[in-house]
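Each of the next two complexes has subunit A plus one other chain: subunit B in the first, subunit C in the second.
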Partner chain A sequence: MATKTESRTGLIDTDIHERVMYEELLPYLEQPWRRYITDCHWIQEKHMPYTQPAVAGVDRADARVPDGRPAGTDLGFMQEQLLNPNGHEAGILTGALDPSPSSMHGWYEMATALASAYNDWQIDNWLDRDERLYGSVQIAAQDPAGAVREIERVGTHPKMVQVLLPLDDILWGDPYYHPIFEAAEKHNLMIGMHHNEPPVHYGKWPRYFIEWHTLIPVAHMNQVTNLIFNGVFEKFPNLKVMMIEGGFTYVPFLMRKMDQQYKDLRHEVPWVTKKPSETVKEHFCFTTQPLEEMTKKEFLQVIDQMGSEDIVSFSTDYPHWDYDSPTEALPPGLDDTFVRKMLSETARKFYPKLPQKEG
Partner chain B sequence: MKEFVCHEEDLQPGQMMHATFGKHDIVVCRASDGHYYAFLDRCIHQGAPLSKGKLCGAPQPTDEVGDYDFQQEGDILRCPWHGREFDVKNNGCMLADERMKLRNFKVEVENGEVAVTK
Partner chain C sequence: MATKTESRTGLIDTDIHERVMYEELLPYLEQPWRRYITDCHWIQEKHMPYTQPAVAGVDRADARVPDGRPAGTDLGFMQEQLLNPNGHEAGILTGALDPSPSSMHGWYEMATALASAYNDWQIDNWLDRDERLYGSVQIAAQDPAGAVREIERVGTHPKMVQVLLPLDDILWGDPYYHPIFEAAEKHNLMIGMHHNEPPVHYGKWPRYFIEWHTLIPVAHMNQVTNLIFNGVFEKFPNLKVMMIEGGFTYVPFLMRKMDQQYKDLRHEVPWVTKKPSETVKEHFCFTTQPLEEMTKKEFLQVIDQMGSEDIVSFSTDYPHWDYDSPTEALPPGLDDTFVRKMLSETARKFYPKLPQKEG
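After this line comes the complex of A and B, so read on.
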């Protein structure tokens, strides 16, 4: 296997955050939306009561662009710091944290306009400028019809590989989302779940950031459970979901718990036709970051309890503070074939619009 | 092995800088008391360049929930990535787990020059 000092040639990184500055969206916004930013100084209200208390807030302290711009705003610096030295074959962009159309709790028309502007900006400034970068369709699911129109508009772009859904108070198994799933399936797009401001604490916030950050997998577990028991995959058999930045060590517990519940309570959800753990293995993939520190033995125990080594995909979360290094984060001594799956082949198989290997 | 890595006045108390020592990248820290310390410029967690982090302080352990007593300004080296805290005056031990520590080097000041030895 690769040593710690070697780059991870051929890496497919399933979580990279590009960042837009509000003024960069202006050329992509029609009126009246543009004037709400230029004249009324609109910025999106955020609800998290804390800062991200790392050295430089949400970002790695060394990821700020040398000219002083925030981390994630400059393709050249991202290439220099991330894509080139780590041997990226591909990276999936998952930005749109601020503004984040999908987490606006009102003014859905503005959210829809922002999503379109963001997608056009993403294509022009990232997807079209580096062949390694692939995109996520941003939508404002608060307006499902508008979200479907946006998927129809940009989902056909050859480098758009998934639709990012918002995390909010309507869980994804609700039929509310069916038109969105239908549109995604039609365009060979996967669904990506990346938390932004997830309600992990009875819809509110725990007292300390460390609690919120610890409990992010709870928000992911909510969605996995809800999707499965609401029969989404029976209705959309080609739909797959990438669970981004929740890690994967919660998955064995959830699979076992859902299976046990299914044996007892199947009669409540007769539309669920498979053991939930089998559905997890067929329809979900989990990104690695933020990885807990584990020995090889501990790491393999988790994988063994998942019953599959084909549903975990490496992610860095660059440029955020809890970044995982492709050369340092995995425990040493893992089998080469398994490492290769995590670093690239599982993601390649998951996203049909990524370049596929011949044969 | 001994190398001069910077001038004494290159760092004020509470400042740090990257330097090289032989084939090593190191971070030279000048703590609040004016003394110099040097460590391998590589976090023991995932290899982040520590010199890109912060030399700052840290809230002290307390028995009272909600009590923030920020001390040791200039003595705590925080990693630029995951923010782990290392006490430069206590052999680079990590505050959350003292069994974990940075690799350190001996530092002497000779005639206004800071020298690192191994």
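After this line comes the complex of A and C, so read on.
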């Protein structure tokens, strides 16, 4: 949608998916984990039970590396296709460990070992090789003690900006996650939420990808609501959460609904000290992709209903099939200051470890 | 919220909860079901695992029957407190069989027997005793053959206007439900959706009532999306669904999201022949309660985003704790024609078995 606008410079892209080939993790894995992959007929788990949405699966067809490797596996090609032409000042890597370590419910130690190897691989191959790239600490949620150890181990890296907390059957407001939040807060890391689960109905996948993809924001609504009403931000006042790849057009509904419930039912959750919509504005940020096609009027109406133009941050979701271009995805005619916020300044404020002077 | 407006006459109230005392079902139950209740230490299942939201549980404290019986159990008191003072032209009963028959997963026959007894009790004690009251056919979703028999048995009653389809772990777009939709369509019955389940996250209840209550619309979003993308309305073109007690402020988000997904991914669901937002406008209606407090401007903004003022129908949710008054819940200053639609004409069009001439 939208007409072409001027090339964006100084972009801070809050959702870029680098991808690992499993064999690249081997040098980073201790035994016996390495041996399980090399010698024991290791089969990578399949993430989704669907026919893929596009000709190149979940990826842009043109993002396949020229040597034939899958999209997102090669830094040089990512620089050429994404970072250089779009004038990225910074990009946050959000991974594509497919599946996330959290899906191995029965084998906590292997899940934690894989997350750990992945983080080392990410630092060596991406964060240390392009100054524009920043990272996400991958952890296995089913092993909170291992997750805390991993945050302590790599969270101090100057370019690790957030902990990517996997979704599981326990919602994030549960005290189960307190040690993880405590470790994140200690290292000035934000929490990143990227759906990695079936968001709907009894934890089952719906019949079609189009349904699952439509309802991704439901997984986001569940977590926002649960975090707020379980008092997580009263306990961890510096914690902030980036809601990645869920868009933002559901937020006005959720704010309005939570505020009304808070007015009616706050006696049940006396630890919640603030109107939920205020907490959203203070502790959450939402990445734009996948941006629905909207006119300027429609776009601004949603922003108006959110009551803030400071909690929406642009993301490309490169190299996925529904990639949003920084020069084409936003409706034309938006105010320059607001566009600048979405393209860089909101993310810069959100992640304290990003360069704090515009380059 | 909202200032008092003039008394509403000719109201069609699309969500009124009558309640049964289990012993009242005994005369309507065959053996052995009756004996299970009278002789076998029958324990009524508990619907929700929470401390109740208000001093009278889920009910208005002043709705308790003066003789001490729970709210919603007495027609005379309902007439005095709800139907007469508010000038109801009609009210749709949506039940409070607590729990719904569908929650007895292991005992299909008993669930169907209870639904059947309930329908007979509903006809004798409510539909046949007040000309203003219309009914919902209760069925047990885990027993589709029994459900069809029940629709055939009581769906021909002139005052049964819809089938109240319980929620279960199978979403409504699944072919599992086709026999039920076929039977409903045959008898000119609409489908009513009233949440009776934990709407979020792996079928588990969240920790607090306030979370569950905030996320009720999620259960509605799941079903709307699933019904549309599974092609139910192409197969049953006369089927319509009333979304009860989920409000409507989530609908703009859902329409926009589904339309975008349809544009991007329709190749996956070629049986879907129409833009989802158009299907919503043609096949769905949304009851207002629980209405968030909104200004006229905010209210109209949401209606504008829905693209229709003809798919929202007023409901009181009597006798629940968060009852909406027809004279107080809507923001003041709305256009009279639009108010008249919400208060009666939209419901009248939606349910063909309601009186079709305004009385």
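Things to note:
Keep in mind that, in the parts below, the second predicted complex is superposed on the first by the 345 of 359 C-alpha atoms of A that agree within 3 Å, B and C clash if a C-alpha of one lies under 4 Å from a C-alpha of the other, contacts with A are read in each partner's own complex, and residues count from 1 in each chain.
The rule we apply is simple: contacts are C-beta pairs under 8 Å (C-beta built on N, C-alpha and C of every residue); 3 or more make two chains touch, one makes a residue touch a chain.
What you see is a predicted model; the values in this text were computed from it and never measured.
Judged by the touch definition given at the top, the superposed model places A:Asn188 against neither subunit B nor subunit C. By the document's definition of touching, of the two partners only subunit B reaches A:Ala61; subunit C does not.
In the superposition on chain A, contact of A:Ser325 is made with subunit B only, not with subunit C.
Contacts of A:Asn196 after superposition on the shared chain: neither subunit B nor subunit C is touched. Contacts of A:Asp169 after superposition: subunit C is touched, whereas subunit B is not reached.
In the superposition on chain A, contact of A:Met221 is made with subunit C only, not with subunit B.
In the superposition on chain A, contact is made by A:Pro53 with both subunit B and subunit C.
53, 293, 322 are the residues of subunit A that lie in the contact sets of both subunit B and subunit C, per the superposition on chain A.
Touching subunit A in their complex are the following residues of subunit C: 50-51, 53, 169, 171, 173-174, 200-204, 206-211, 213-215, 217-218, 221-222, 225-226, 229-230, 247, 249-250, 252-254, 256-266, 268-269, 290, 292-294, 298, 301, 305, 322.
Within the complex formed with subunit B, the residues of subunit A that make contact are 4, 53-56, 60-62, 293, 321-325, 327-329.
Across the complex, subunit A is touched by residues 45-49, 52-54, 78-83 of subunit B.
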